[in-house]
Each structure stands twice: as C-alpha cells, then as structure tokens.
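One structure, as structure tokens, below. Some questions next.
Letters are used for the chains, namely A, B, C and D, taken in the order the chains are written, and counting of residues starts over at 1 for each.
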Amino acid sequence: MMLQPLAAEIPSRILPVCIDAPVLGNQYVSDRYWMLRLDAPEIATGVRPGQFVLLTPSQTPGEGPSLPRPMAVYDVDRADGAIDILYGVVGSGTTQLTRFRPGDRMTAVGPLGRPFEPPSDATRLLVVGRGIGICSLTLLARERAERGHAVTVLLSGRHRGAIIGADFCDAVGVHARQLCDEDGSSDVESIRRLLVEQYDPAPPDFVATCGSKRLLALCRDLGRRWTCEVQVSVEAHMACGLGYCHGCAAGEVGRDEESPLVCATGPVFRVS
Amino acid sequence: MRATSSEVVDVDLSVELGPLRLSNPIMPASGCFGPELASLLPLERLGALVTKTVFTAARSGNAAHRLTDSGSGSALNSVGIPSPGAASFRSQVLPRYSAHGTPVIVSIGGLAVDDYFSIADELSMAQFAAYEVNVSCPNLERGGISIGADPDQVYRVTRGVVDRAAGRPVIVKLTPNVASVDETACAAEEAGAAALTVANTFVGLAVDLRRRRPVLGNGTGGLSGHGIKPLVLRLVWEASRAVDIPIVGCGGIATTGDVAEFLVAGATAVQIGTATFSRPTTMAQMLDELPTQLTDLGCRRVADLVGSLQA
Amino acid sequence: MRATSSEVVDVDLSVELGPLRLSNPIMPASGCFGPELASLLPLERLGALVTKTVFTAARSGNAAHRLTDSGSGSALNSVGIPSPGAASFRSQVLPRYSAHGTPVIVSIGGLAVDDYFSIADELSMAQFAAYEVNVSCPNLERGGISIGADPDQVYRVTRGVVDRAAGRPVIVKLTPNVASVDETACAAEEAGAAALTVANTFVGLAVDLRRRRPVLGNGTGGLSGHGIKPLVLRLVWEASRAVDIPIVGCGGIATTGDVAEFLVAGATAVQIGTATFSRPTTMAQMLDELPTQLTDLGCRRVADLVGSLQA
Amino acid sequence: MMLQPLAAEIPSRILPVCIDAPVLGNQYVSDRYWMLRLDAPEIATGVRPGQFVLLTPSQTPGEGPSLPRPMAVYDVDRADGAIDILYGVVGSGTTQLTRFRPGDRMTAVGPLGRPFEPPSDATRLLVVGRGIGICSLTLLARERAERGHAVTVLLSGRHRGAIIGADFCDAVGVHARQLCDEDGSSDVESIRRLLVEQYDPAPPDFVATCGSKRLLALCRDLGRRWTCEVQVSVEAHMACGLGYCHGCAAGEVGRDEESPLVCATGPVFRVS
C-alpha cells in the first residue's frame, strides 16, 4: 500500500499559534478516555477536520514530560472559541493530561498538519474509524453533515464501552454504526460485506479512515472497487509538529530521499 | 523579587564567541529549530540561528520511530540526520535562515574526517556567520561517535575546517560520551576552534517491553531534555576550566534560571533544543526574562555572570 | 491484564550470578540500603543484601550538602563514602546484615589499587556471600574515578580481589563515566569477575544561583534516580553483549516494568537505589508484582526474559 | 557553638512506617504556606513533638521528584488518626505537594528522628521559632500547655503575613508573641532584652528553638545565663530519614569520624 501526499497546493489556512490555553473542562468519559476542553479561539477559528494540536502535559517549564503529545481536534465550538480533545490514557504524557483542572493553563500549538481534502464535488462520504482513531474523523463527519452531505460513520472498538464517537454522531445528526470485537461485528470481512451491500448500488465519492491498519486495507480495496478517493490520517511520534525536527518521518528508509513527514506533509495522506 | 523595567534597562546582553559578536546569548540547538518557527517566535531577536547538521550528500535518516519521550524530562532521538545535501542546502534551505537578519551558524557533519572537508569546501562561497562542527552525533551508523571521542580526530577535523572556513569562526560541538571532556576540548582549541558547544546528546536506550525491541528504529538514540541538565552543567564547568575559548552550553536548558546556571558554570552563550518542542516560545520568554534575572543577581552584563562559580 | 494467582504460581524467580544462586533478582544498591529498613521491608525476601562500600580505614565523608534533588527524577549525591573502617565493619555492621538469612554482598572500595587488596585481606575470614568491588565511585578526592575508567586498573583490582576472595564470587561495579563500557567490562571479566554491576552514578553538577556555588559541598556529585534509566539501559545492553558473565543492572529502576526492561536489555538481576528513598517498600512491591509481570510477558522464568532484546 | 546528641538512651518510641496516606485536606494558608492533612493513624499514634515525616511529592513511582521531602509534624489529631503538616512552597518538591487533592494518596514515612526531650522536671518552657522553623515547635508547645506547663512562644517572621503558628497557639491556649522584621520587633537584641526582662526573675527550665541561626545563638546565650537546657531542631537535605544513606551529616568534615546524622541522631540536638 502506498500513502501519497495530498495535492501539492496547500489550501489557504491559518498559521499555527502557541498559546497557554485556559482549561475549561477535563473529564473522564469511559473506558480509558477523557474529554478536554480548551479555551483556544486562535485555534478554533481556523482548525479544519483532521488537523491536530500539540499539547504540553506539564504546567511548569523544566518539569514533566519532555515532548508534547499530538492530539486531533475532536470538535470545535467556533462561537465560543473552544476546542475539544478526546484522549485515551496510554502512558505518562496522557496520564499527566488527566491532572489538569479547569482554570489551569495548558500550552497548545496548533492547528497543525494538513486536513482531510475531499474532492470538491464530493457529497457522499464514508467514514471508517477505530478506537482513538475516531477522534481524527469526528469533525469531518460533523462539518459535512452540516453541509447536507450524506455521511455514514462506522465506529469500531474492542468492546461496546470502548467505542467512542457514537454520542457525538447522534448529537450532530450523523448516522453511526457501532461495531465491536466482543460480538464479532467488527470483523473486517463482515464489514466488507456490509459496505459492499450498502454502497455498491451508489458508491460514496470519498472515504476517510483512521485508527486501524486492517480497516485501512479494506478502505483501499473498496476505494479501488468504487474508484473513489480514500484518505487516511496516520500516527507518528512527534516533537515539533511543524516539519523541522524530522522526527516523524514514518516511511521506509534506505533511499536517499526521506519519506514524508507525518506532521507537515500529513497526517492525512491519499491511499492508493 | 521582580525588578521594575527602569532598573533593568541598562543590562548588556551581548556576548562574544571569539570574533563573533551576538546581541544576546540565546540561540537554538542544531536539529531543534527551523525557519518554520517564524510564526511562533521572533527570530530576529535571537542571538543566532543554528541550522540542522548538513552533509555533503543527501541522506534519508533512520527508520521510525525516530524519537520518543523517555520519561523523567528526557527525550531520545535517532533521527539520524537526514540531509538534503550541500547543493540543495545552499539553494533551498540557507536562504530561509538568512532572511531574518540574525547571524546564521551552519552545522556541518560527516561520516569520516574527509567528509567535513568536502562540505566546508562546498559551502565556502555561501553567506553565513560561522560553522558549528558536529563531531558528536551518536546516531550515525559509523564515524560520528568515534570522531568526537578521539582527540586526534577532533583535532584533524577542526583544523581542516578552520583552514577551509574562509575566516569564519569555527565552533566545535563536542560529544558528552567520553570519560573526560577536557581532552577533546583541548584538541579543538589547539586546532583553532573559536568556541566549543558543550554538548551533544548522551547515548541512551528505551525498551518496548511487549515487542522486546528498542522503541527507536535505530536501536539506541541520543538523550536530550531537562533530565540531562546536571550532566551537561558539569561538562560545561570542566570544559570552561580546561580551555581559554568561550563555551556554548547546550543540554537540558528549559528556563531562564537554567540559562543563568549555565552562565555561572562557565558558558558564554547557550543553545535551546528540546525545550522548544513543548514550548516554541521558550527562547523569546528567556529574552524577556534575562535582564531581570541578571539584575536580580546583581549583574549588569552577561559577562559578569559567566564563569562565576566558586568551587 | 492482571493474571490470577493460579496462573502465576509456577513462575521461577531464581537467578544465578556465576556460582551465586539468588532466590530472586531484586536487591538493593550499595549506599541506598541499610538494616534500618527492616521495619519497613521484609529483608528476608530480597535476593541479596548489599552493604555500603567499606574502606580499610575509617573515613568521614564529604562536607554538607551531601545530596540534593536535582530535578527531572534525579538526585545528586556527594556523600563521599564515610566508612567505619574494616574492623568496626566486621564487628558492628556486618552482623546486622547477616541477621536476615539473605545472602550478603559486601561492597569494598579504595583510593588506590592496593587499598582493595588490604580490605579484601581484612575481610577474608568474615562470613558473607560475595564481594562487590566499587571501582567507580566518582566522589572521592582522588583515585575512584580513574581506577574505574582505566581497563588496566580494573583488571588489576579485580584480579587481586579474586585472588583474596577465598572462593567467594567477585562482582565488579563499573563506572558509567567512560566512552565505552565494553573495555572495562572485558577487563573485569578477564580478571575473573563472576558478574558485573552496571553501573554506578554519572558525574553531575547542581548550581546554587544565589551563592554562585555548587549545591553540593564537594562540588560535583553522582547522578542517580529514574532520570538516568535510558543511559543505564544502554550500558547494560552493551555490556551484556561484550561479556559472557551475568550483568546486574543498576540505575534509575523504580517500577516492576523497569525491572523487566533491564532484564530484556540483558541484566540477570537488578539493584534498586534511589527509588527506595521515596518509597522504602519499592523492592517488596516489585517482588509482589514480578510473577504477574513475567506471566503477562509469556515467561515462566526470569531467565526467559534476560537478554531477549532484538536489535 | 556545639550541637550535642541528646542523651544516649533513646526513649521508647514506635518504629517508623511507610504508608500511602489518604489526603484529607491540602489548602493554601497565607504567604507561601500551605496546610496538608493526612489520614495517618499509624504515624499519629506515636509521633512526638519535634519528630518529622518524609513526604513523597509524586503519586506514581518512576515519575516526579527523586527524593522525599522532610517535614515536621505540625499538629496531630490522635483521636482521628490525622496529622497536619504546614509547608512553605520553596522549590519543585513543595510545588508538587500543592498538586495533591483530597482523596489522592501521598506516600509518607514516619515518625522519624528524635523528639525534643525536656528534662523530666521541666515545667516552664520558652519556645523560640522563626519562619517555617515554627512547624517543628508547635506540637511541643501544645502538648506541654495541655499538661499545664507554663509555655511562652515567640514567633518571628519576615513580615506579619509570613508569621505562622499564631492562630494555632491561640487555639491551644498558648501565649504567643509575634515579632517581625517589618516593624523591627524581630531584631535579636530587642528580643534578648525582652526575654531577659521577662525571665530573669524566674528563668525557664527548657528552651526549644528552630528556624534561625541568630535566634539559636541567642537561645544558647540565654541558656547559659539561666543554666537551663536548650535544644534546637536543625535542617539538612535528606534521602532516607533512617540513618543509612549518610546524606544528612551536617557538621564539619576532615575528622575520621563523621559528624552526627541529622535524621537519626537529630533533628533535635542539645545546644552547648
């Protein structure tokens, strides 16, 4: 499978800012997930679906984790200038994030990376996410639904409690289908059958995915079947998020040319 | 505690690294900075800009993961110095550094002694203020670490670059992965270095327990970040007593207090690396706070603080 | 995640350091332990007890401050090895270690090669399981660091103690303040060491900005604590590939996960130092958790994990 | 001035324990001071005036500060099994302590060190503390006052707001006199005159002090004048608190014998 950079021309977008954002909320949601809300009008204004921020999990310079943590913008309240981040507690950095309380300030850099770029005439979207990867897709689903596009969202997870995004989809009026390992419904072959059945008569004109290599392979197959554009958001360990540290090149090595930087050329890539 | 602005107005932040005069002692560390920061940080205020290490030929760098947070305030990286090569560096990259009116220090590297001479030859006609010779990158498949750990090789590389520098000052960036930094420091000084950067990263390892593999694609990596500060402070102190040329302190500096500690320990200027990742505005904040910090410590010039540690 | 007790019942925690068989791989680091812990920690459960380094003559140690928290998970100490001297050690101190039925490893030190031979002679009739030869203390006014950094001297010291050990296994504790630990590791192995402890503390400095003095009375000190873990993991990995004798990992180990990482990187046993200060029950907790940790990783014996890192 | 170990015979006391103590309260008090209350019945039972605990300023092993912080037990509620610690925010460790909230657990080791040991027939006590040093004296003042002894407490500080212990003394019915640098009342010579005037007619039979070298010198002088026992609690950087790490020897070096360990032989010493 090849991941290709999006079209060379970068659509106009706001430059990233670095702010000490007041924490508006930081609450446990379910399973290992927490929801963080930051007062970040500078980011909220311009952020586009699939873009991310770097969050600094320590309040004092010279203390705490040495690197910031990349997190997708889950939702945005442009009127209030707030952004929502849904995060899973994995290791030390995300554990530190849980310590922030309303009123504290969190250093955040963003918006970063290239957003999803559906073809300009796309109106039928299929969105396929698994686990925490869903966080990179929610804003896309919402914004497209608000434009009146036909959006179907597949949410996959280890078990019912670990599926995120269902409430969000409900709230923004997007049809979402929950699939989990527990009852076997997230099995890739059954998803394939499901999608072929639903979409073969009238295929989607854009597929977006994040969070699972196997679902990515499925989306590629379906994209070929339907000859429609497929884009994926990928993860990489990051330091700068801006393209200068070269820490996030995720591809093969050995060639003279470096593989694309996930933070600057991605995190969203075309799948072919 | 906080001095009023009238009290601090007279503080002189300028420093000299041999013939190189800088408006202040704050600059980025190689590889932890790029012109991409221009929208977040006023680059024209910095003492200097330091480029990522350049090689003669294009290089792709190491396999992923290339970096990880290794806990306790440290990061490990094995980026491996991907490089566009000298030609493309001159035409594409260097102009973006030069656009800010701040002295540009070009970091050069190589996998063998001769590589340093080629890159210096290739850059001799370009416009920039000084060289930083990176003899200390621990991430290369060969060469890097051994050149920097061997005083003879440090001498040869430094000498060769000085000869090809067309009068530009040559700063040599030492490796900390030695039993004593005195010997390599002295070798670089004898070979004509104008200043020394102390130091590059320490070799470290992070283990992925489930996979029974190193977290980094390259195996080991270079440890940076505020966790290494006590180690580097000691090296700066030692090196500053071993040589007569100025020292640029680099390693774990995250706050204005850290800057002051490095100056006291013997550094004339400092480089900020990993701290910029979590707080891209770090260097600007240091520039804001440094006059007050100096005033609080009873100093009117950076030079008053440099090397003031009493043993 | 948590295996039930029936699943973990069969895990074999025993390890061998040459001829020395221990019930488990967990033991304290020299200087970070004493029989004073008996009321807080079940000493009889530990794999071994390691004494503070003993010298032939009584020594008073360094001036205050002798230790400080140096930030980012590290501590600096310049205790300087105060010692009651050999005679008083035998009559007053050793019996308090031996009272617990756990193998006792006596750490010995010296300021010159011959000092190691005297202390070994003086202890030859005492009852204990093994020696740990501390060639690496960075805090002594002379000797310490140079002995441990010089492969020839490491060979001589090790050889001399082995000759005087009356058959007891001799563990050599290396210094990390070297360009490559391979050479000193090989020197100790050739001289007859039964195992190597990797490693002692890294030399560091903390600056008291107001006083323009080092925080520690002695100037520099030894850096320990979880901040040094990535550095020591790398040394353990390197040393374990350089020699055929077992490695005892020491430096920055604070959790059962850390223990497992050290085993994977090539350690057969581990020592816990600074972590005990903040949580005196650390070693007991590790012993409680280790069987589950091994089971989770698909191992039934500690040996299954040792050195399983794939490069 | 010489600090002497207390009498060789160590009075019977409980062995230290290591507990993960539930935090009952942790509040800002004034100036740079905070009050911490721990649920620690194992320590509360046996702790005696002048003893201290080691507090671990991180909640997760392998994260945060590497060394615990020594703190005197300011007050104890033996019925509830709670101990109070009054601490000043100085550097990284004490800053971390402020992050604990009720319900969190804090690792604590104690009780540690030798308590004040007034002569068995002492009934007239003079207690002289400055700044945070007062925290080592409050329990002594309270327990002696409760036995009906005559206790006078001098509380010195940089400015009014920085004087601690006044409310405590009020609450436990001990007469306290506040002295501060701001109005010059804490000047050593004026304190000397004050004390000589008050006590020369009927000197105290025990003086306890903590927190100031100059007040210590004053107490020594007065102790000689009145031939009464003077004891001081001293500070040292610590790691183990139990006597095995040798980190806290605070005296001169150069002799073959080590100077006394503050954690185990002290922190309370006789002044002579």
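By our rule, contacts are C-beta pairs under 8 Å (C-beta built on N, C-alpha and C of every residue); 3 or more make two chains touch, one makes a residue touch a chain.
In this text the structure is predicted, and so the values were computed from the model without any measurement.
Among the remaining chains, those touching subunit B as well as subunit D are A, C.
The distance from the centre of subunit A to the centre of subunit B, with each centre set as the mean of the Cα atoms, comes to 35 Å.
With centres defined as mean CA coordinates, subunit C is found 46 Å away from subunit A.
Distance from the subunit B centre to the subunit C centre is 34 Å, each centre being the mean of its Cα atoms. Of all residues in subunit B, those that touch two or more other chains are 70-74, 225-227, 257. Residue positions of subunit A with contacts to 2 or more other chains are 62-63, 92.
Viewed as a contact network, the protein chains are fully connected, with every chain touching every other. Of all residues in subunit B, only 31-37, 39-40, 52, 57-71, 73-75, 77, 79, 82, 217, 224-227, 254-255, 257-258, 274-282 touch subunit A in the complex they form. By the touch criterion stated above, subunit A contacts subunit B in their complex at residues 15-18, 54, 56, 58, 61-68, 92-93, 107, 109, 236-240, 242-259, 264. Considering their complex, residues 60, 63, 92, 95, 99 of subunit D touch subunit A. On the subunit C side of its complex with subunit A, the touching residues are 71-72. Residues of subunit A that touch subunit C in their complex: 62-63.
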